[in-house]
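Following this line, the structures themselves.
Okay, so chain A shows up in both of these, paired with chain B first and chain C after.
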Partner chain A sequence: MARTEDLVVRELPDETLVYDVQRHKAHCLNRTAALVWRACDGHTSIPEIAARVSRELDLPNDEAMVQAALAQLGKAHLLAQGPPHTDRSSRRQALGRLGWGLAAPAVVSIIAPTLAEAVTCVAKADCENVGTCSQGPDQCCDRRPCCEKPKQKCVPQGGSAGGCGCEN
Partner chain B sequence: MHGASLGLRTTDPDLLGEVCARLPLGWRPAKGHLVDRLVSVVAASGAQRPGLRRLHVAYVDSRLVLRTPSLEDLLFDLRSELEQTMIESAQGRLFVHAGAVGWRGRAILIPGSSHSGKTSLVAALLRAGATYYSDEYAVLDAEGRVHAYPRPLLLRRDGLPDARIRPEEFGARVARRPLRVGLVLAARHRERGVWRPIRLTPGRAVLALLRHTPAARASPQIALSYLETVARQAMVLDGQRGEADQIVSWLRDRDDNAWRLERTA
Partner chain C sequence: MKTEGRLLGATLARILAGAWRPDPPALSLSAQDAAASVPYLLRTGAAGQAWWRVRRSEAATLPAAHQLQQAFRLQALHAAIRQVAVAEAATLLRRVGVEAVLGKGWAIARQYPDLALRPYGDIDLYVPEAEHRKAADLIENTNAGPIDLHRGFAELDDRHASDLLARSRLVELDGVPVRIFGEEDHLRLLALHLLRHGGYRPLWLCDIAVALETRSDRFDWDVFLGGSARRSRWAVCALLLAQRLLGASMLDVPAEITGQRLPRWLLTAVLDRWSSSSFVPQGMRAPMRSYVRTPLAGLRALLGRWPNGIEATVGLGGAFNDLPRLPFQVAECVRRAAGFLRSVRAVDFRGRRPQPSV
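Let's look at the complex of A and B:
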């Protein structure tokens, strides 16, 4: 059954965007995946969903495609219950065999950035590199957050060698 | 600024000027007394006593955001805290971590994280005649237009401190009016990379922009709505690129909206 809680959904002409407020992940469902997702009402069987998708997209009727879509939707946590278990390799083989091409179900996901990630950060290697500037680390280490560990900052490091480094 | 009103208060009146100097671009004094967010800077006072650490602190509303023994460090970090607060509270504007220029009547956005080569590409486009909007944040409105956030460009130089360079030094002028977004270059820089762009579908284009939207978590509905408008009206291209001049040549070879594509995702 399709999950409905804590989701922001936007319908585009050929795609559906879903933002998961719990996990802060955004998903883009192509038309096939979106059709399968919307059909997951807890009552409609897999053969019925396959028939519906086949009818709406004018494609061959195949349950393997629905299984593949359910697997992707389940992985993206867009189903209230996990999808029925199927062997991964058999799903892939089925999709390859059918030659669905661009109509194959696809769910593309990203993680939304935190606010802190938006601040210009400095890569660790670049932070260590700026310490070699002619004006010395006190002038060159600019205390920006380090990209790899945002809680750390690019600061002058102690010792005779000087230089900058990512530290708390 | 950008629809958000920030209140500032300090325990030391002399410090207020220092704090104001760190406010994000575009701020101006508000007329009313109601504010969206309240920033408080508490400077440590009194004599230094052995065994006791004197800490300077800053709050946004009731949340402690900075705590440090050095006032200089606090003021340095306050700049990004104020910027984050403004981004989070902006009304009618969506900030996307992206460079932005005006090119032949349309805006080009270059989304990317730090060190992705945004500023180098913006600088190359300015040298080629583009108008300057920003090298850091594309400020979008609900109609899919970008507004200027024209801080001086932050150019990184190997082994040297970063340099702030005004767009005029590239012979460019700063945009005064908002401009509709026509092209988004979600290009990743790679040494010796060859620019063979893929056009993203509107849905994937929204994801490509959302990845660089700081307020995505706080306001997903607004973010998706604004970005969808951009994705519907603009061409969003993804791919690897080499040096910035490669993109400039590619753009020069094309008419206003006739960007030739080799593949579509």
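Let's look at the complex of A and C:
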């Protein structure tokens, strides 16, 4: 079943973006993965989802594709429960199907370096893990709000340590 | 070095030209230019706009463009999250009878074709001085997001608060009425804010361009030009910068504005600043004493504090003319150093740190 709590979802023309508020992770779902995810309502069976995907994307009816999507969605923690159990042979079969091309389900994490104000927040531990920076703290601390305390930002620490920390 | 830097600045201007429009003009971009400009675009929040321009061109397949796309995606999510916080902040203050005016941030993002094109960090709320204490106490005692609460109206303090409030407008955000500045006041605020910070973020110049091009038929240029004549001249120069660097349309803008001339040094000052990959703006810098163990980095940080001609002139309230800027820059350094010394004297060395102001 698809998770709905603590997620921010934004639909773009060709993909669906999901931000996990609990884990502070952003994911990008292509159309196939998004269709499968939306169909996970706790009632619809895998064959029914496969039929829906086939109909909407004009693809052959393929349950293995749904299984592959569910595996990726589960790994990204976008399902309320883990994906339904599949035996190893069917997973191998799913992974082995290269013929899906662009229709292959894809759930990818969104990571962009040095985004000053584009990312929602930084986890306190990640902020502090920058450690002492040889370039000086001006260049190290990203100044995003800290996820645990949004009023605080990841800023250079005073004193001679030269690291970053969450402060007002 | 200078010429090289300005080339990067010019490349950034070329990438962002028209990027605020629903269908921006096609862009051809070499892999070399993309690689050189992407770090700066990412750092200054303009990566989403760059993606908006390259997404339908051949450059979209460049490895550097992938980073722009990722930034656009993150900014799209960020916009969805932040606008909830904006609505909450407006509701929160209204509950105690404070009608704050939202400036910059979402107030300008809403004029872009997609909110993802205009990321913002703090929520800038402006309240009359008399209501500041009440608003500040409320924000302090709640779990509101990062709100930058301004006492008074910052760069617009040459105008009467009552006039600003009378011209302000209520717009809907997820069903919540949010008060924003009148469009003339907002354009002036955007222009003066850009200059106060030395014009370092290309995104802020795009803001001016989008505000110019999406202004309503009722836009009153006399209101825009009202208040301090010197500040009005600064604001006009910011509009001319948006035209010259980004191709912002000045269609139907009065001749008393389009007929003005930019000071000779202004364009190069902006391009130089855009070229500086290591520039950190005032207010976001580490205290100088945090460099004790990294003297080389400390020297770089000291040099990075040298104000450009724009922020020096605006900081000192000087005129935008063709006279050399060096005297302003030196005087601004002296002014800041004096402020720094005052803050050091005021420090309680038993635990508090000096404010990172110089």
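The rule is short, and it goes like this: the second predicted complex is superposed on the first by the 99 of 168 C-alpha atoms of A that agree within 3 Å, B and C clash if a C-alpha of one lies under 4 Å from a C-alpha of the other, contacts with A are read in each partner's own complex, and residues count from 1 in each chain.
What we mean here is this: a residue touches a chain if its C-beta (ideal position, glycine included) is under 8 Å from a C-beta of that chain, and two chains touch if they have at least 3 such contacts.
Bear in mind that the values here come from a model prediction, so they are computed numbers and not experimental data.
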Which superposed partner A:165 touches (first chain B, second chain C, both, neither): neither
Touching partner for A:156 - first (chain B), second (chain C), both, neither: second
Touching partner for A:14 - first (chain B), second (chain C), both, neither: first
Which superposed partner A:105 touches (first chain B, second chain C, both, neither): neither
Which of chain B and chain C A:28 touches, first, second, both or neither: both
Footprint overlap on chain A, where chain B in one structure and chain C in the other make contact: 8, 10, 12, 15, 17, 19, 26, 28, 110, 112-120, 132, 134-135, 139, 143, 145
Of all residues in chain A, those that touch chain B in their complex: 8, 10, 12-17, 19, 21, 24, 26, 28-30, 108, 110, 112-123, 126, 129-130, 132-135, 139-140, 142-143, 145, 147
Chain A-touching residues of chain C, taken from the complex the two chains share: 39, 42-45, 47-48, 67, 70-71, 73-82, 119-121, 143-146, 278, 280, 284-287, 289-294, 297-298, 300-301, 304, 353-354, 356
Chain A to chain C touching residues, read off their complex: 8-10, 12, 15, 17-19, 26, 28, 110-120, 132, 134-139, 141, 143-145, 150-151, 153, 155-162
Complex contacts: residues of chain B adjacent to chain A: 73, 76-77, 80, 83-84, 87-88, 95, 97, 113-115, 136, 154, 156, 158-162, 201-204, 206-207, 210-218, 220-221, 224-225, 228
